[in-house]
Amino acid sequence: MIVVMKPGASQRQIDHIIERVEQLGLRSHVIVGTERTVVAALGEKRDGAKQALETGEGVEKVVPILAPYKMASTEVKQERTQVTVRGLKVGDNHVGIIAGPCSVESREQILEIAQFVKDAGATGLRGGAFKPRTSPYSFQGMKEKGLELLAEARAATGLAIVTEVMAPEHVPMVAAYADVLQVGARNMQNYPLLEAVGESGLPILLKRGPAATIDEFLLAAEYVLKTGNSQVMLCERGIRTFEDHTRFTLPLATVPYLHQTTHLPVVVDPSHGTGKASLVATMARAAIAAGADGLIVEVHPDPEKALSDGFQALTPHAFREMMQECRKVAAALGLEI
Amino acid sequence: MIVVMKPGASQRQIDHIIERVEQLGLRSHVIVGTERTVVAALGEKRDGAKQALETGEGVEKVVPILAPYKMASTEVKQERTQVTVRGLKVGDNHVGIIAGPCSVESREQILEIAQFVKDAGATGLRGGAFKPRTSPYSFQGMKEKGLELLAEARAATGLAIVTEVMAPEHVPMVAAYADVLQVGARNMQNYPLLEAVGESGLPILLKRGPAATIDEFLLAAEYVLKTGNSQVMLCERGIRTFEDHTRFTLPLATVPYLHQTTHLPVVVDPSHGTGKASLVATMARAAIAAGADGLIVEVHPDPEKALSDGFQALTPHAFREMMQECRKVAAALGLEI
Amino acid sequence: MIVVMKPGASQRQIDHIIERVEQLGLRSHVIVGTERTVVAALGEKRDGAKQALETGEGVEKVVPILAPYKMASTEVKQERTQVTVRGLKVGDNHVGIIAGPCSVESREQILEIAQFVKDAGATGLRGGAFKPRTSPYSFQGMKEKGLELLAEARAATGLAIVTEVMAPEHVPMVAAYADVLQVGARNMQNYPLLEAVGESGLPILLKRGPAATIDEFLLAAEYVLKTGNSQVMLCERGIRTFEDHTRFTLPLATVPYLHQTTHLPVVVDPSHGTGKASLVATMARAAIAAGADGLIVEVHPDPEKALSDGFQALTPHAFREMMQECRKVAAALGLEI
Amino acid sequence: MIVVMKPGASQRQIDHIIERVEQLGLRSHVIVGTERTVVAALGEKRDGAKQALETGEGVEKVVPILAPYKMASTEVKQERTQVTVRGLKVGDNHVGIIAGPCSVESREQILEIAQFVKDAGATGLRGGAFKPRTSPYSFQGMKEKGLELLAEARAATGLAIVTEVMAPEHVPMVAAYADVLQVGARNMQNYPLLEAVGESGLPILLKRGPAATIDEFLLAAEYVLKTGNSQVMLCERGIRTFEDHTRFTLPLATVPYLHQTTHLPVVVDPSHGTGKASLVATMARAAIAAGADGLIVEVHPDPEKALSDGFQALTPHAFREMMQECRKVAAALGLEI
């Protein structure tokens, strides 16, 4: 950590910082520059020290040197993590495709779409049973009945079930049916939930919050990893920016950046990431070109009648075409899909 | 709702939309423009119809006319809501001041600071017992012990206790000690939590998520209001933007805009809204000039030794000066503080 | 245009709006809804009317129906525009590659890099002679001497020269040397400059401003198109968001969205779009998968010694590898590169 | 400057950085930490060195210690700059009020409004003669005729004329009529224009670009200051964020932050900063509470008939009320207005 003193900081202020650094169990090292003095604080402590120091009198700013996360970091684990569950393989040169409706709406709907996405090449089935909805007046999901239907779809197709859990107290119930627990973007910093899903032992699909920095995203993953659960997939699903022609802005550079920073696999959600069915397939193949380890895509047999998010769902036909394009790009880059 | 068809939409597509509008229980009204046709859908339905229509073939976009929230709206209730609990009055020309440390750290700390902020003019005491922290390696709060200390501080000072609750299962415990339940910015769209705090019957301080639009913020309030709990304070605490000289960007125009849109009182948090102690007092008085119904401010007896967020905490001395300035501005504008 | 009246707007206010609509040369059409009245204003007028109406008493908002740009729109011209100059072809299934240093620094540098990028497959040479720099203390470019060196590099290689012009009064000089005039992101709304480059008759590479919406971007293009110059390439180079792990956020969904909206070709700049050399090649191939009609990439023989933006420049070796990957993706999608 | 090496950087890489630091005329100082090595580069060089170092092999990042601007900095000049021209005083405890229409539209309009704003307490008159408009189909201003009318309004009232200049070649003409040259937000980084207005010797009102960081804003001011012109007013007029209920987001913390960082006065534009007439007066008084040294406000005799931006203009009556409120706040804080 580097403590930058204000120009004109007094010797007393500098001495105070040195003393504080040492009280925190770090070694201090003073550098006297042309206009300012800088105190380096050396050691492994990652938390608390920064803020303890930046409130010191005469301090202009404190610059951390170490990344704030540990277990997610490539500094700690070099080999890439692959998440495998049933036929779904995500990471380490395998691109896993998770597809399905926004919400489970009926037995017919989910069985039909499950068979369809399987035939088109998906190995995971998405479908919400518990739906976090911006408006309390919107459809909130079929709840446990929806989970039962997902399990039935799995029995029929062998697809791995990926579904969202919204509260710690629902984890045991959802975990009884699902193969992968999804933590939604709105809950990325719901820490009791992160701990509860971590302790389930199931693989986790963690969605990036729309205003989360990459550090915050990895620290959220760290909450899960700390429970001893290392099966975490990071999901980029778009950030909130000033752009209004898409629902969110999908920053694909997240993919190569995370590949340099963490060993965890990165899944891209082009459905939420654009919020427009007409852009989904193109962004899906761009995500694969960017190195995504997986895709999660909304598909609905009749988007116009979907109970949620129909505007961003692909028709089965459009999904099949998307898969063909994605396979071409993956093949060109030597990736399995 | 206005359905705008694409230029060149066919009569069959237009007829289909008219049929869909009527299936949804709305009346349709067609307007043939120079380049496009527009179908107005008339009626009270606020949810689901928009998305059911915007996936229709030949549709370019659907423009909602009604606000998506109801109970929070000034269209439904004209008179301004005032939240009152112990000596704390927020709204309707009363500016309520809530102050205290980021976290409860010890008996001495909280008792000292409570007495201090009371003497300086606060009527509410903030202090976190359950702390949502970005990093799992950070101090997570004293939990129930912290709540006990808050209650002791209340007994000593009469201040209303405002403290955060992070999970639905903690609501009964926190509600047993607190006067106001705070829902943090990270949990603004944690819907099970919103319902649980609503059902507690206590007044709620709902913080705006850093990427939430005003509509999303009011819809989150609507989740609480729907439980029958009308004691909701909206808290602007800064949004995430590209600016990096402050921790968040504090958009004070939220205050007059919300005053035009909702009857709920609006509290401003200049501590999180700037993330810099040196900017807090100035933004506190600017918030009052913008018409804020309350302030929530971090104060710590020794910010340098705070276990969380010391960099944005005022010293007791700085808080007293802030109060003096705020009183001047309030008096100039005929507000009680 | 749809004028939405406030709930409770008086008949007098509604009549006033109807009168205003007709004064503006538009036809009015009134729709009485459940809670509000809406006045549709029909006709072709795109400008001024919106704002003339939205200030009317009792008006809540005015919703435009037509896009604000015309000549850039696919509604006006369906067939895709291809820009061709020397060997550079951009658009309509041709991916044009423009590469070179941020700044022209010396005769050796530009001749060496020109030959190199040509050998690797580029058909355009970028290189700044006039450099807009955030700091007045930074290198500002070699000016006319730089243009001469670019012309010499063209003579040696046949590459089309793409270079920035910063002020209307420089247009004749830069146009005397360049094949394509670049308008930088900082100047996207420098209207005298847009008109001056349009009148040069040369093809234009127009960079998106980092805070510009797509409508603003297309309206900037419209300033050029209005001069009668239809050779406009739109360049996505990243937008400013809260993300701090990249210099800008590169929103690749711009590419398919623009392809639906305008007939103009879309070039992507992964160098500025990420600001990190280690992310450029991956985002270049993702851009091609997203359908980009061209790429503009910074390459420097020795990035460490570059006088500007070395941190985002590829080495010649890395550029050659990038081209190989891009060719694979383009081939997979049936595009020429 | 602090060069942070990657974990595991080799001694050769470290030695190379030390060598580069010294070639750049800086002194190096090596600190070996627990996980990483850090090289401090000491000396006054502000530009170029950062980027020269951050491309070095084995370098993770380079952290600048000095602010990139000099002449704007409080480190260089402690006493606050006051800009004075005719009766307009901005800075150093004087709040200068500049008001008037978005565009000069006619002799009657500008003379009427000038007299009006003067009577209400303004000492500066704004009014655009050259109008940068997003759409080429919008009214572009009366040009020189507009300048003549502004001069006539000055003759009648004594108000200082503040008007925008859009291109270097217009500077002499505009400077012949105006008292203050305004550089608009779209031109904040139009460097030839910044130099040209600087050389005019007139006071400059420099608007912040909607995506500009504070460092970029101050570096733009530095372009003007470098010409020897020290009469620069910084104008906060709102930034572009995801918020859609206001036209821009007005971040008032800019005011106290700039007061800590620079000696230049800070003017706030609540008209563009909100884009809604109904929010302007409240944000004007909040700006004064935040310490603004001036306000620039749009006022139009009949906003509904304004040729530009009527939706954000105050009526004369509303402006007079705004002034009354602003005076109360200023008086409470001991400021002259």
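Should a chain be cited, it is by its letter among A, B, C and D, assigned in written order, with residues numbered from 1 in that chain.
The working rule: a residue touches a chain if its C-beta (ideal position, glycine included) is under 8 Å from a C-beta of that chain, and two chains touch if they have at least 3 such contacts.
Note that the coordinates shown come from a computational prediction; the quantities given were computed from them, not determined experimentally.
Peer 1: Which chains are shared contacts of chain B and chain C?
Peer 2: In this structure, the chains that contact chain C and also chain B are A, D.
Peer 1: Give the label of the chain whose average Cα location is farthest from that of chain D.
Peer 2: A
Peer 1: Cα centroid separation between chain A and chain D, in whole Å?
Peer 2: 38
Peer 1: Let me have the rounded angstrom distance from the C-alpha centre of chain A over to the C-alpha centre of chain C, please.
Peer 2: 31
Peer 1: Can you work out the whole-Å distance between the CA centroids of chain C and chain D?
Peer 2: 26
Peer 1: Two or more other chains touching the same residue: where does that happen in chain B?
Peer 2: 211, 239-242, 244
Peer 1: Quick one: which bits of chain C touch chain A in the complex? Just the residue numbers, please.
Peer 2: Within the complex, chain C contacts chain A at residues 211, 213-214, 239, 241-246, 249-253, 255-257, 260, 273-274, 276, 278-279, 282-283, 285-291, 325, 328-329, 331-333.
Peer 1: For the complex, give me every residue of chain C touching chain B.
Peer 2: Going through chain C, the ones touching chain B are 2, 4, 7, 29, 31, 33-36, 38, 40, 42-44, 63, 65-66, 75, 240-242, 244.
Peer 1: Quick check on the complex: what are the chain D residues that touch chain C?
Peer 2: 20, 46-48, 51-52, 54-56, 68-69, 132-139, 166-170, 186-187, 189-193, 209-211, 216, 219, 222-223, 226, 239-240, 277, 303-311, 313
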